[in-house]
Every structure is written in structure tokens, then in C-alpha cells.
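Next, two complexes with subunit A in common: one pairs it with subunit B, the other with subunit C.
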Partner chain A sequence: MPKVRRSESKESNKNEIVPVLMQGNEAIARGALDAGLDFFAGYPITPSTEIAEILAHQLPRRGGKFIQMEDEIASIAAIVGASLTGAKAMTATSGPGFSLMMEGIGYAKMIETPCVVVNVMRGGPSTGLPTSPSQGDLMQSRWGSHGDAPAIVLYPDSVLESYELTIRAFNLAEKYRTCVVLLSDEVLAHMREAVTLPDIKEVKMISRIKPNVPPEWYRHYENNPKYRSPLASYGEGYRFHVTGLAHDPYGFPTSRPDEVSVMMNRLRNKVRHHINDLVQIESFMMEDATTAIFAAGITARAAKSAVRQLRRSGKRVGLLRPLTIWPFPDDAIRQHLINKKTIIVPEMNQGQLSLEIKRVMGSVWNYASLKTRKIIEIRKCNGELITPGEIISAVKEVKKDE
Partner chain B sequence: MSSISQKTIHHYLRHKKKFPHVWCPGCSNGIVLGAVIRAIAELKYDKDNIAMVSGIGCSSRMPVYVDFNTLHTLHGRAIAYATGIKFYKPEMKVIVVTGDGDATAIGGNHFIHAARRNIDLTVILINNNIYGMTGGQYSPTTALGDRSTTTPYGNIDPVFDICELAMGSGATFVARTTAYHALEAQAFIKRALEHKGFSLVEIMSACPVIYGRLNHKGDAVEMMKQMKENAVPIAAYEKLIEEEKKNKYRRGIFRQIESPEYTEQYQNLIYSLQEKQGVQE
Partner chain C sequence: MTSNEFKKEIRLSGSGGQGLITAGIILARAAVRDKYRVTQTQSYGPESRGGASRADVIISNGDFYFPEATRFDILLCLTQEACDKYSENLKDTGILIADSSFINNITLLDSTIYEIPFTNIISEKLGTPLPANIAALSFLVRKTQVVSETSLKEALKNSIKSAYLDLNNKAMRIGFKLADEYLKV
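Up next is the complex of A and B:
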């Protein structure tokens, strides 16, 4: 994206690049507003609250709506209601609230209604460590709702990327008519960085497709090969039915196995058939690396710093970082990691990403090569960040063995 | 009221696609559906402009039959979804159809907070004193001593008076009637729809197949007779002596007051902020 931003001050030149000091949560709020957010419903919870505070201030000034609901269940419900009525809608929460939203997230996916849920991860389980970072919700963001539902989950590693991926979350939600989860964590959310925001006029914005057929022809759930179907809003004359029950293309409840399987396949395939569009992965100094670090979010920042330091002392180390956590970038990971001797997976949980890495690499490494290859986990969930030093010592330990 | 023809009723139903309905023989939900449609027909609302939202339960199956913008949501959450619709598009008429368990047990929090906000939703709460769809478990309105599949020895949970709950939470229109008083129900729904602010119409209903059977209340006709006798107009109820009040309950309009409506208040806030911004620029 071009590094030009509309300047805030009236005196300054319009094309001048003005970096601003911004917090991760602030960047998410800005990203949402720039993506065209119309409606926010939320409930206060540390460490996500700043997002609600900023939007409570900004949304009504732009004609948008902000409401503080009675709980997180009501928040996810209200944004889905608003989205059905045509709004670009979002909520933001953290661990305990995210758990409460699970049924509502499954509902949004089932009824294929776009919305964005931000989960600023804090230490868990339960109330856990409200003011400390964690990466404990990676699996929950994929599997948290009951029943089989697809998931699109993004996770930035910087303040600027928090802004960019928020816009992307809206684009993907609108494009694929689903609930997209944007993960962040306590450090990323509260860390301040100087960022240069792109010119929003040059950022691609996607909105839902509107139907162009008369109401009597309209089918709320169209099956087409692209899995992109038009979405009418309430109050536009289409008068469709929406239910969380298994439904037919018109939205009416059905328990006919043939109709139910069509519906379930659509939910699955709209993610599965667009992996290339959904997956974003960063590869950093990976070409000649024998040891690869696989890390996401704030932990990838530490890993990147570790890679730089290790490279200075001649170690062949690289970093692979998924920006899209779900769908898990299987193919890209296989491609990048198949020839690596060691894969180090640092994460602030008890081993969630590493479980996926083992699954993916287990499918390509044969038994013989397993003996010469290693997957090393660095697991930390005590409320502290994983430091570059910890990753460096893990790499050095490996190199000693080699 | 009799001027509303069958044809008019059918105009509001998705009859070609979705009948027969799921309700048991003798269920009052059909009577309430009729009252809702006749009230809307009287008001001549545009179908495109009505959203009917429901939660989970027998009563909550109503939206599938009517030709409006309809939303069948999660158990207890209908009012929260409806809040999203109404708040984003205040020009829409948003009706919530719910039951005693849906609105006052699992959805109790949303119910009281929507009432407190005085957001312009019309909540039609069909109270059959039981969880019917799951086969007859006790709800917050199952009377003391009553049997259900989860109170096999009789209920010891005190009951909610839903109208009092709504008034205590700040609802600005609160009424109760029964499925027996179908025309009164129609009239109350009409007034509730016309009311600006949070309105609740509680309609006592008969569930002869489950509640009636478990509690030996007789058949559907017998239960209708009980509603006729036990639901007493508010003024008449106050005159009864304590002994006579046993098993009886009040029907009528408990409250109808004017108070600032939520979406309107927010819209005013938007206008005033934009005006200020305009002045600054």
C-alpha cells in the first residue's frame, strides 16, 4: 500500500507523509471506521475497551451507531441484527466475552451474515490474567462454536497491520458473507508505534453484492461456484426468512438431507475453495535457512528480532509468520518448511500452533525423515511475552546438537 | 374488526409455502398470530417495513409463517437482535415474538435492558407457563405446586409477574390479556405497535397438550374457559377480596406513558454533533 496518508492538521500539505503515534486498539478502531463501519455494539472488557471508547466518540459524528449492550451475547446479536439491515458491523471483546459470543458467532456463520469480531487475547482460562497478553484463543477462534462451521481468522503483528487487517477483515466478511475474527493480544493492543497509514482512497474496499432480481426471484442463499451470493437487507422489499435452523436456499427451515448437505457444503467450500484469496503468510529470511521459526502475532515480533540477531552471528535461521491463522495455511507451510531441519514454534499458550504444524508436516515428512527433523515448542502462558533471547537460546541449543 | 377478511389475512401469510404449522391441536399460538395480523392489517403497515424477530420455542416459530422480514434467532436473544435492527434502521417496525422461558429466563437480561432503554420494540410475549418445545419443563411462570417434567413433585420456584417485571425495568407500554380475549389481544397489539417506546403485550395462552395434561387442566376448550374466568380486568380485580383473588390474575393495560425513545435520542445526538461539526468547519 502507498505510504501516503491524509493529514490531520489543516495547515500541513495534503500529500505529506505524517507518521502518527498510535496504539493497536486505536488502529483497529481507525481501520474499522475507514472500512466504513456503520454499527458497533460492545460490552466493556479489558484489554479491548479502548476500541469501544474510540468508536463511542467517533461513530455518531459520522452518522454511525454505537451501543453498549448488556453483555457480550447481546453485542454479537445486535451487530448481526444491524448487518442484516445493511450495516457494516463490528464488536470487540476479549477472552471471557469471546467465550460468551461463541453461539452468536456460529449463528452469524450459519445465516451467512457479514460481521467482524475483534478478540484481544488476554491470559486465560476463565478470568485469567486480564492485563497480560496470551495467544490462548487460537483454537477457540476456529472451533469455539458448536457444530462444523468454517472460520476466517486474522492476526496482525504490529499496530499498522492491526489497521490493515481490520480493513481486510471487513472486506472478507462482506465478500464471503461470514463472521470474520480479528485476533490481537494485550501487548499489541496497548503498544504504541509510529505508523504511517495508507491513503484510504487507494485501499480496496469490498461491500456485499446487492441482488439485482425482483423480490419473487430472490434466494437468500444462492449456490454458485464462486460462493459469492447477493445479500438483500431487511426493509428493501425482499422479505426473506432467516433462521439458525438448517435451511433451504430461501432461508426456510428444512431437515431434508439433500438440502442440508448443500447448505453445509456451501459453508465449508466458500472458505476451502478460496484458500489462496484468504491466506496471507510472511516469509522472512527463509530461503537458505535450515532452522525455521513459525510464530504469529506479537510473538513473531520477538522471533523476527531473534532471526536478525542470529543472522548477524551467521546462523541460518528464518521466520514464517501467518497473517491468516484460519483457514490454516497448510500448502504454504509445507512449501516453506518441507526442507527445514528444525522448526521452532514459540507461542503464548500450551501448544496450539505447534499442534497444527505437527499435523501439516506429519503429512509430508516420512518416518525416516522424522528422525532427522525436529519440531521444538516454546510454550509460555504465564502472562509474560516470549523474548527474543528465549528464542535465540532455543535455536542455539538446536545448533549445538547439529 | 370483522371487516378484516380472510383475503387480508392471507395477504400477510406465507401460506403457500409454509403451512401446515408446527403447533399442536388446541395451542393458542394460532389465535395470537391471527391477532397480530389483524392488528397490522388495521394499521395498514407496509409489509416491507416490518421485521418480526423471535427466539426459540413454540411461540418463536411464528415468523416463518408471516410475509415480513423475518428472523428466527437464538434462544433468549430475540430482543438483542431486534435491538440491532431497530437501532440501525429506526424507520422499521420491529416486532418481537417470544415466550415466557425465552424472554424471562434465558433472555431475561435482554428483556429488562431493552425496557430500560425504551427502545421502540413491540414485544408480544406468549405465556403458556411451560417450555413446550422441549417437552414440558417448568419456566419462570410455572405456578407454585404445578407439575412439569422437571418438577415431578410440584414446583417450588416462585413465579415472575412479567408485566410487573417490565414496568420495574422501565417499559412504557405494558398490557396483558389472554388468547381467549382474542379481540382484546388484537386491540392491545395495535396500541402497542402505535406506541413509541418499548411495549410489551403479554398474552396468556393454553398449552393443553403438555401443560394442561401434566396439570389436569382439561382440554383446550376447558383451558379457554379457565382463561375467561381467571383473567379479570384490572379495576375488577382490585375490588376482589383476597380469597377471590386465588388463581385469578389481572388483564388490561397496566401502563401507557410517554418517555424519550432510544433510537430517537441517539438520532438527535447525531444531528447535534454534525451540526456542531458543520459550525466548526
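Up next is the complex of A and C:
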């Protein structure tokens, strides 16, 4: 039997890199440790528990702190507090816990304090299907907290990417001073694959900007043109006030409309003005495709498999996959999908991504062209993955109609 | 697929507590050691014991994307329920390995079938049914050569707590011996 050629051939013979079998959750824990995680607080819940389990074992050995809290509300509060003292902080949970964290996530965004929340999606609503995959929390990760806060949400599709996007989640949280959500799902989180992690010295790490002014000049919320402001930690001699109330640059409560609008615009613009930095999208066999599949996370794996099988029989099909779910990659999607006849959106929920695709494409397709173009939903929320076969059937159904 | 491309979809199925996910991880580790591409996935209920449980391992020398087995090249069943549920998705050229301690009704026609009472044999010889999973896995590997036996041994050593390694090594040897002795039904 022929052996697989290893993709990382540049490190040859002497220091041969052997891939290791690693689980999705393990990759997230490793990514967090490599990103410089100092503090983890959490409450175990299937299918995210391995992240806490591994970090409980590993983090204290690196001088970090691990705390199992009494619930998820306390967990998010603990990591926000830890971050205010300068720690890189994270928690991990699943649907029911993610719901409980919503207020704390909004608070972290309001007080512009970096932290990372991992949500390994399982079947819902409520307790749902603890050991089954779902993609039911895509909209919740955007709109779950009240008050129209910005959102940065990432969603990998492999074990290696779980590692990479965990590091990216920390980088973006630190850079933009906000709470970044990393999504996974039960299958991705429990799946094991052979991976070779990158050399950590070659991975770019970003930490929050520290103030370089004397404490009496420090403003906790600086309105600079790049929407990135320095962040002092408690205990460093800088005085600042932290509140979930609308606040002025020093953090003290204000209800002056001019000050509140400055604050709200900053929260909005630090995401809206950095779309190019935030958005990552993968295009797979899209160039000559007439039918495009739009899928994220584990569902994109089924879609990729379907694309490859359909290509073998001469069908012009491609896949567009967002690695950044929020902010939604509107421009990139328009660019890639404007000329496609059919867009198929498979997802393990009641149609959340397809709603966004309809919004985005509705803005560029005129009424006449809507008659010749189709957006087809494949929705499945019974605890099973969408299979390549189901996507292939949908594509063939469309081709029959044409 | 070109002629030298190789892809095997393997499902190990039974009920929770029979060690199927452990067996799946060991098989996947062995495949990594043999430098194949591999994914291992699983499905189980919220119970800590009982309930349907399965582990899928896909082993290939090329790229593949979907991580769950859909049409099996190799199917291991340790309960009648699993056998009833998954047999129909075994390829005609596939191999079914059934633990006849629990399975007495197989309806397949075209596939290669091995009926071995792994659990009874292991209970009798080792005084506990626990390592029946390793006996079945070792039988599977010797019969199919889907991974090398050297890698299986190495993977077993790296996956089992040292206190239980001796017991599991015995089960492995029993599995290999059964494979040499039993012909297909």
C-alpha cells in the first residue's frame, strides 16, 4: 500500500515531525495554552468538557490559574475580572451554558475587556441533545446579548483549524478589546485527526496595547482613529472605573447623548472598520462553478466531499466557507456568489445562514434575476450530520429543473 | 479515484461500555503511525453505560473531507442491535465481524462474515469480559491488514494505562490467534 506523503516536508530527516492524533477540543486547549492563556474559569458541560479537563491539568503547570466555578454566569464574570488584571482569559461551554453567559458577554463588550468564549454547539433548544452536533447558535452568537453589541465569531472545520482559530480568537480579542466567540460543534470537538501543529515561534501573537502615559493622563477608553485604545491593568497604578452603564472615556457613568454616541460608535466601528482584518473565507473550486454551496464548520466537510464527487461527474459546483461567521462577510460573499445560478445552504439548524445569504444576495440580485436564481436551504436538526449524499441529491435536483 | 488511492471506512459498533471508542482511538493511532490520513469520530448517548455507541475510523492515503463512515468496508458489531442497524450499509465487498456471544441473527448475503464469540472467549480465558474490544480489534487488523500489526501494538501501548496493558496484550494475542484459526462463514 502506498504511504501518504507528509505535507510538512521542509523539516526533513533529522527532526522528523510526526503528526499526532488529536481531538478538536484538545486542539482548542493547546491553542489557548500556546496563545498565552493565563486564566480559565468554567463549568463542565458536554461536549466542551475536555477543554476544561485538559486545562485543569495543564494550565497550573504553566503558572496559570484554573477555577471550576459554580455555574456559567460566574465563569464569564471570573474571566472578565481576570482580564482586567491583565490576564489572557478564556472559558468554554455549550448551548445551555452559552445562554447563561449572554449577559456577561455583553458586559465584556461594553467595558471593552478582551476575553475568549468557546461554544461547542450541541442539539437544542434547552438541554436538547447533549452528545449530538448542531449549528443552532450561529445567530445567538451574534445577537444573544441585549443592547446591540458588536460580535466577532470564528468557526473552524478541522482539528488543525480549531487550534489556529483559537490563537486567532485571542489575537482578535486582545487587539480589539472585546469578547471573541469561537464556535465548534459536537462532531468537530470530539473528532480526532492526524495533525502537525505549526512551530509556535512562527505564529504571530498579539497582546493588548499598554498605556505609555503617566497614570494621571490615562483614559481607559481612548477614541483613537484606529479604534484601538491602550488598556491598563488593575494593580499597575492606573486608576479607572469599570461599569456596564454607558460611560465616558474615564469609565464613569454618563447619560449625555454626545458622550454615549461616541461610545456606541466606537463599539460599532472597531468591528465595521476592520472587516478586512476580521474576515476569513475559503473558496473551494468556485471559479467556473454555476452552483455554489455555502457552508460552515463541520457541514462544510460534507459539502467539500460532495463538491469533489460532483466534479468527478462533470458538475460545475464549488464551496464557499466562512471561517469568520461574524461580522458576516457580505462583500466577499457578493463577490463570489453574484454570478452563480444556484446557492445551496446546508446547515444543522432551521435556516440561519441562509437568512443571511438571502439578505446579502437580495441586495445585488434584482427582481428579474431572482426568477432565474435560487437559494436552496438544506436544514437538518435531528442530531445527525448532513451527509455528502444529501447535498449531492439537492444539487442533482436543481440540475434536473434547469 | 485512481487505482493506487486507498480509502477504508470502518465502523466499530455496539453499546456503551464495550470499549468501542477506545478501540477506535487505538486503530486511528495505529493508522497515524503508518502515515495515513485518518479521522476518528464517534456517536454515543448521554448515558455513561449502555445505550448505542459507535466509533468510525476512516483511513486513507489521500485527501478526504467527510469524517463519518457512510458505506463501510469493515463493520464490527458487538450487539445484535448494532448488527441490525448497520449491516445494510456494509459494502458488498465489505467484511462483517460479529461477536456471536450476543449476535445470532445475521441477514447479509454478499459480504464476508466472521462470527466469533469474542466476549465469551475473553471472559473464559482472562476472567473478565473487559478486553473483548481489543481481541475483536486485533482480529480485525490481522484479517484485514488495514493497519500494520507493529503499529497496532505500539498504539495499544500508548493508549492503555500500564496497569491494564498486560491484560490487553493477552487479549490482543487471543484476537490474533482467533484470526489465524477461524475461517469465514
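Here, the second predicted complex is superposed on the first by the 387 of 402 C-alpha atoms of A that agree within 3 Å, B and C clash if a C-alpha of one lies under 4 Å from a C-alpha of the other, contacts with A are read in each partner's own complex, and residues count from 1 in each chain.
Rule of thumb we're sticking to: a contact is a pair of C-beta atoms (placed from the backbone, for glycine too) under 8 Å apart; a residue touches a chain by one contact, two chains touch by 3 or more.
Just so you know, these numbers come straight off a predicted model, no measurement behind them.
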*Between subunit B (first) and subunit C (second), which does A:275 come into contact with in this model arrangement: first, second, both, or neither?*
neither
*asked:* Taking the superposition on A as described, I'd like to know which of subunit B and subunit C A:191 touches: first, second, both or neither.
replied: second
*Which superposed partner A:301 touches (first subunit B, second subunit C, both, neither)*: second
*State whether A:130 touches subunit B only (first), subunit C only (second), both chains, or neither.*
second
*Tell me which partner A:74 touches in the superposition: subunit B (first), subunit C (second), both or neither.*
first
*Return first, second, both or neither, reflecting whether A:19 touches subunit B, subunit C, both chains, or no partner chain.*
second
*Is A:388 touching the first partner subunit B, the second partner subunit C, both, or neither of them?*
second
*When the two structures are overlaid on chain A, which partner does A:260 contact: first (subunit B), second (subunit C), both, or neither?*
neither
_Partner subunit C, residues of subunit A touching it in the complex_ = 1-4, 6, 18-21, 46, 130-132, 187, 190-194, 298, 301-302, 304-305, 308, 385, 387-389
*Enumerate the contact residues on subunit C facing subunit A in the complex.*
4, 6, 25, 28-29, 31-32, 34-46, 60-62, 64-68, 70
*Where on subunit B is subunit A touching in the complex?*
14, 17-18, 47-49, 51, 53, 63-64, 67-74, 77, 80-85, 87-89, 91-92, 109-110, 113, 266, 269-270, 273-274, 277
*Give every residue of subunit A touching subunit B within the complex, in rising order.*
38-39, 41, 60-61, 63, 65, 67, 69-71, 73-74, 77-87, 89, 103-104, 107, 234-245, 250, 252-253
